[in-house]
Amino acid sequence: MLSPRVWFSVRRGLSRSLSRNVGSRTSGEGRKVDIAGIYPPVTTPFTATAEVDYGKLEENLHKLGTFPFKGFVVQGSNGEFPFLTSSERLEVVSRVRQATPKDKLLLAGSGCESTQATVEMTVSMAQVGADVAMVVTPCYYRGRMSSAALIHHYTKVADLSPIPVVLYSVPANTGLDLPMDAVVTLSQHPNIVGIKDSGGDVTRIGLIVHKTQRQDFQVLAGSAGFLLASYALGAVGGVCALANVLGSQVCQLERLCLTGQWEDAQKLQHRLIEPNTAVTRRFGIPGLKKTMDWFGYYGGPCRAPLQALSPTDEEALHADFTNNGWL
Amino acid sequence: MLSPRVWFSVRRGLSRSLSRNVGSRTSGEGRKVDIAGIYPPVTTPFTATAEVDYGKLEENLHKLGTFPFKGFVVQGSNGEFPFLTSSERLEVVSRVRQATPKDKLLLAGSGCESTQATVEMTVSMAQVGADVAMVVTPCYYRGRMSSAALIHHYTKVADLSPIPVVLYSVPANTGLDLPMDAVVTLSQHPNIVGIKDSGGDVTRIGLIVHKTQRQDFQVLAGSAGFLLASYALGAVGGVCALANVLGSQVCQLERLCLTGQWEDAQKLQHRLIEPNTAVTRRFGIPGLKKTMDWFGYYGGPCRAPLQALSPTDEEALHADFTNNGWL
Amino acid sequence: MLSPRVWFSVRRGLSRSLSRNVGSRTSGEGRKVDIAGIYPPVTTPFTATAEVDYGKLEENLHKLGTFPFKGFVVQGSNGEFPFLTSSERLEVVSRVRQATPKDKLLLAGSGCESTQATVEMTVSMAQVGADVAMVVTPCYYRGRMSSAALIHHYTKVADLSPIPVVLYSVPANTGLDLPMDAVVTLSQHPNIVGIKDSGGDVTRIGLIVHKTQRQDFQVLAGSAGFLLASYALGAVGGVCALANVLGSQVCQLERLCLTGQWEDAQKLQHRLIEPNTAVTRRFGIPGLKKTMDWFGYYGGPCRAPLQALSPTDEEALHADFTNNGWL
Amino acid sequence: MLSPRVWFSVRRGLSRSLSRNVGSRTSGEGRKVDIAGIYPPVTTPFTATAEVDYGKLEENLHKLGTFPFKGFVVQGSNGEFPFLTSSERLEVVSRVRQATPKDKLLLAGSGCESTQATVEMTVSMAQVGADVAMVVTPCYYRGRMSSAALIHHYTKVADLSPIPVVLYSVPANTGLDLPMDAVVTLSQHPNIVGIKDSGGDVTRIGLIVHKTQRQDFQVLAGSAGFLLASYALGAVGGVCALANVLGSQVCQLERLCLTGQWEDAQKLQHRLIEPNTAVTRRFGIPGLKKTMDWFGYYGGPCRAPLQALSPTDEEALHADFTNNGWL
């Protein structure tokens, strides 16, 4: 458990004193942190009574540690962050940090609805060891989340964050695409290093790469389903739920793309689309966790209101893996 | 400030001991609490430095207290609840309770993303004086929010809530309509007394009334724009942002509907549509708060990332009131 | 069969010579035609080999003639107009005209994608006996159907139409809501007498009534599901698919609304919602035609690609009528 | 002008006698026609009085003939086909055929709302020289366009078409994605050779390629914005509005993809995204035609209700080309 002291110090304006550290991951020559690579967005394991199971979390990380990932995303959408208390969110990041070698990058989801809460959470995430803050778009008042509002939000967060910030656009959950003009404007902020885009529109991904080429701005695909296409358009990596179960294969796809073996990449990509859709859009986190159980990880239950899959859904999920030769 | 003790006692399983109180507002003969009437969803006033301004809150309540409202909704979407900390949410409810006569009903928004957090917040809301818990649909994982998941969620909350529960469906914010079959099933729960429906589909509202007629289940319109139509279809009241500025008029519309003066009701309703759209869908809470300033209440700023209106938007907002004779 | 001569004369610029007749249904004092009342949008009966079955059409009209409808809508969405050739569209209108007493108003759907084709079809519809042209929004290029484009389109059509024009907005089919500002502008055209709005948003319907009150502009609800609500907001009637099978009941609902018997109206409206949804949004024209078979009309098959209902769907359709006491 | 005789013979059941020719473009060994390559979807030029300008059409084709296109798409969405009469549609195809060398493939859009009309139009298109029929999904009754309905529709058309059929899914216009399972089923039809997919979801494109790999089924990207990504996923070409003005560049992009020069392809693709969006989603056919005027083709006016661009829009359109170095 995170000590109350840390948590309270965070809440009491620590952000002010920390703001001098802006860009701490920026090297002397002004190059931003390099986030290129593959990341599994780690799930949060729960016990049967819905407590966070830190032991299982470490076991999963240990197994995932055998793949050539660039690092881990913690508290992304797949981490069920909206179901965790603030201190659970921080404790999970803290545990992952402890279980993760320093050469692996830790991207921690620190987005909240209000700008102030996001700033505080970002600062706290940095304190417990996150290397980069991944900040999802606020969305409850999506009708008012204009480019101006979002630019204001992210600028404030990036100004006050002691660690680099990655924008995070995930319309399937938020009902909101971070607008192109906001992305381009924000790419010029010295403490914003990239975007994780989960929308799946590669035309947009290509345009982001194109319009931010003078900035040192990096794009991560938010799903394995369009990973090859994203590489082809200039993305530098991906945050892929599927990497929680097919880590080796997703890393292999990365390697094939980076070494220009596009034909083999295509064949592999094809076989990953259905499994990927199954553990994301189709069956969500319950599907991902069930699959983790099959692949030797601890998946376990989700927190309510997320429900376990029905037997019929489990069968369909299984078929999406067997039909492509993965089970 | 809410004492830490109350907050912690809430967090530590108080829900269990409280569950015996289920339905405490249910009278001896088994009749559920009567929620019929008009409610303004009160806004949360902030100072220039974004602190909750409890003094202004009380002043606003004092002024609103002169209208024949059934009560107040606190921590609805217009209360910027996603921007408040848990203790702020509770403290606001507590203050409103203190400032509100006992004969006014206090509906407090207690929805969170997880079932467990919602239960805890609901219990806490009851402790600080809420009469009824208004529980918004969880929505971040909307792709998995099936009827089954939502029925499970609300049943759990209603089982453990010491006060009656009102379902709250607001698709403009959540991207999710509480499905009809879930509403019908949940209407049979002894501790679920009604629904606030902000979707604006009166065919749906009529069908909810029709299909729950054997239950003692009450429907509140979630906006003044379709208040008359909702009464005509069998709704018993409304939670109307517009009542924060045109309280007298919204109550008059209620009276005209209840006394069958439909022609006058129609004329009044017509003049309320544009102002209502202006302070809801069109300009959101920044529009509502700006209008409150005009009408002698304290509106003040929103918390970021919500932005103040541009001068052009302010003009359009003003026109929507002047064109209908309200300013 | 319509003689080729009529059809060709229509195609060759008849519109020019006819334009002097603009507003022919407008009485001397400048009052527009009164379209207030209930209309069934008649279906187009087909034989087993998908030919138009004019005999069955007349039989249906004969039976429908016993209800106090204001008239008939021909070639609305329920008439499968997109599946008919131009000459079939005209022939159907012609036959309906012959089978319909002069005191019944004939509203004929004359919308096409291009302005020019719509003008020609409108003129032809007038020639074969339509009293009013009901013109659906063009929609294939909906991304470019701005208010300006739609105002231009309808103005041209109304300028050249020898009969009054009713706007027709049906977003479920067109993916397009005729924008409010376009409606208000077009309401000022002397040859545009009203709108049939099938969107189901009664806030919008109320606002249309309110903002066109100085014009002699009439609003028809496009479905029986929100008929009561539309009357309550100032609509003057409805075009209701359900009236093809529950004609008496829909007319009774009209009467209850017009005579201010809102409680009885509400009870009746409630029982019509599910059957109405069943024959519109839920099961479409195949559902409507199947129900017509049950109620003693000729429903028969639809033209492909519309498919007959599955047995399961038929059961659900049947239940929506039996559960509400209509079968 | 198409002779009336051809048109009428088409209308009178020619389809029956022609059905023996099914698969006429299929070679002896059973290989389907090869549609791989780039196609501009040619626009339909109109005079100032909105007549089809066949002379300008031929001039445009003459200029387009200098690029290494696989052929032309006629009567696609960019051809304003919904604004043409049936005989105009056929006459345009006929003229394009005459102006096009035999080694260029002619894909003609023959989709109508009804299955029967689509069959007839397809047969007529074949008679006037189309090599392949490109059949858009019917969409007015999109709520009923289930996989079953669409499979039935396309099977009928393909059964009776004397020329191979390409499926055409363009959700921006139709509000409808041809469902994956329907695509897979239809790919097994001997006379269905591929799909033009304009939805822009490359995950879907990859999955279509993957799931139809045992069939000889070819995928064409429906827009230049995701052309590179589509090639990377296994598409064999593209139908690109942009090729009407940047024909050389689109063909160069094809070549770079086919020869594995992915880095150069990426750079070129990046510079084509904004111009492509400008002449498609952003400014539609009016934007495309205006750009054609700039590039030495005849663009000219659209048929109403499509409107010319405003000066402001023209400037923005121009900037999308100049900013990327094309003007």
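By written order: A, B, C and D. Residues from 1 in each chain.
One rule holds in what follows: a residue touches a chain if its C-beta (ideal position, glycine included) is under 8 Å from a C-beta of that chain, and two chains touch if they have at least 3 such contacts.
Keep in mind it's a predicted model, so treat the numbers as computed, not measured.
Asker: Quick one: point me to the chain whose Cα centre is farthest from that of chain C.
Answerer: A
Asker: Measuring centre to centre with CA averages, how many angstrom lie between chain B and chain C?
Answerer: 38
Asker: Averaging over Cα atoms per chain, report the distance between chain A and chain C in Å.
Answerer: Chain A and chain C have C-alpha centres separated by 51 Å.
Asker: Report, in whole Å, the distance between the mean C-alpha point of chain A and the mean C-alpha point of chain B.
Answerer: For chain A versus chain B, the centre distance works out to 34 Å.
Asker: Where in chain D do residues touch two or more of the other chains?
Answerer: none
Asker: When you draw the chains as points and link the ones that touch, which shape shows up: line, ring, star, complete, or other?
Answerer: Per interface graph, the chains form a ring.
Asker: In their complex, what parts of chain B are in touch with chain A?
Answerer: Residues 50, 77, 82-83, 85, 113-117, 138, 140-146, 148-150, 152-153, 156, 172-175, 281, 284-286, 303-307.
Asker: Any idea which chain D residues touch chain A in the complex?
Answerer: 200-203, 206-207, 209-210, 213, 223, 225-226, 228-229, 232-234, 260, 262, 265-266, 269-271, 273-274, 277
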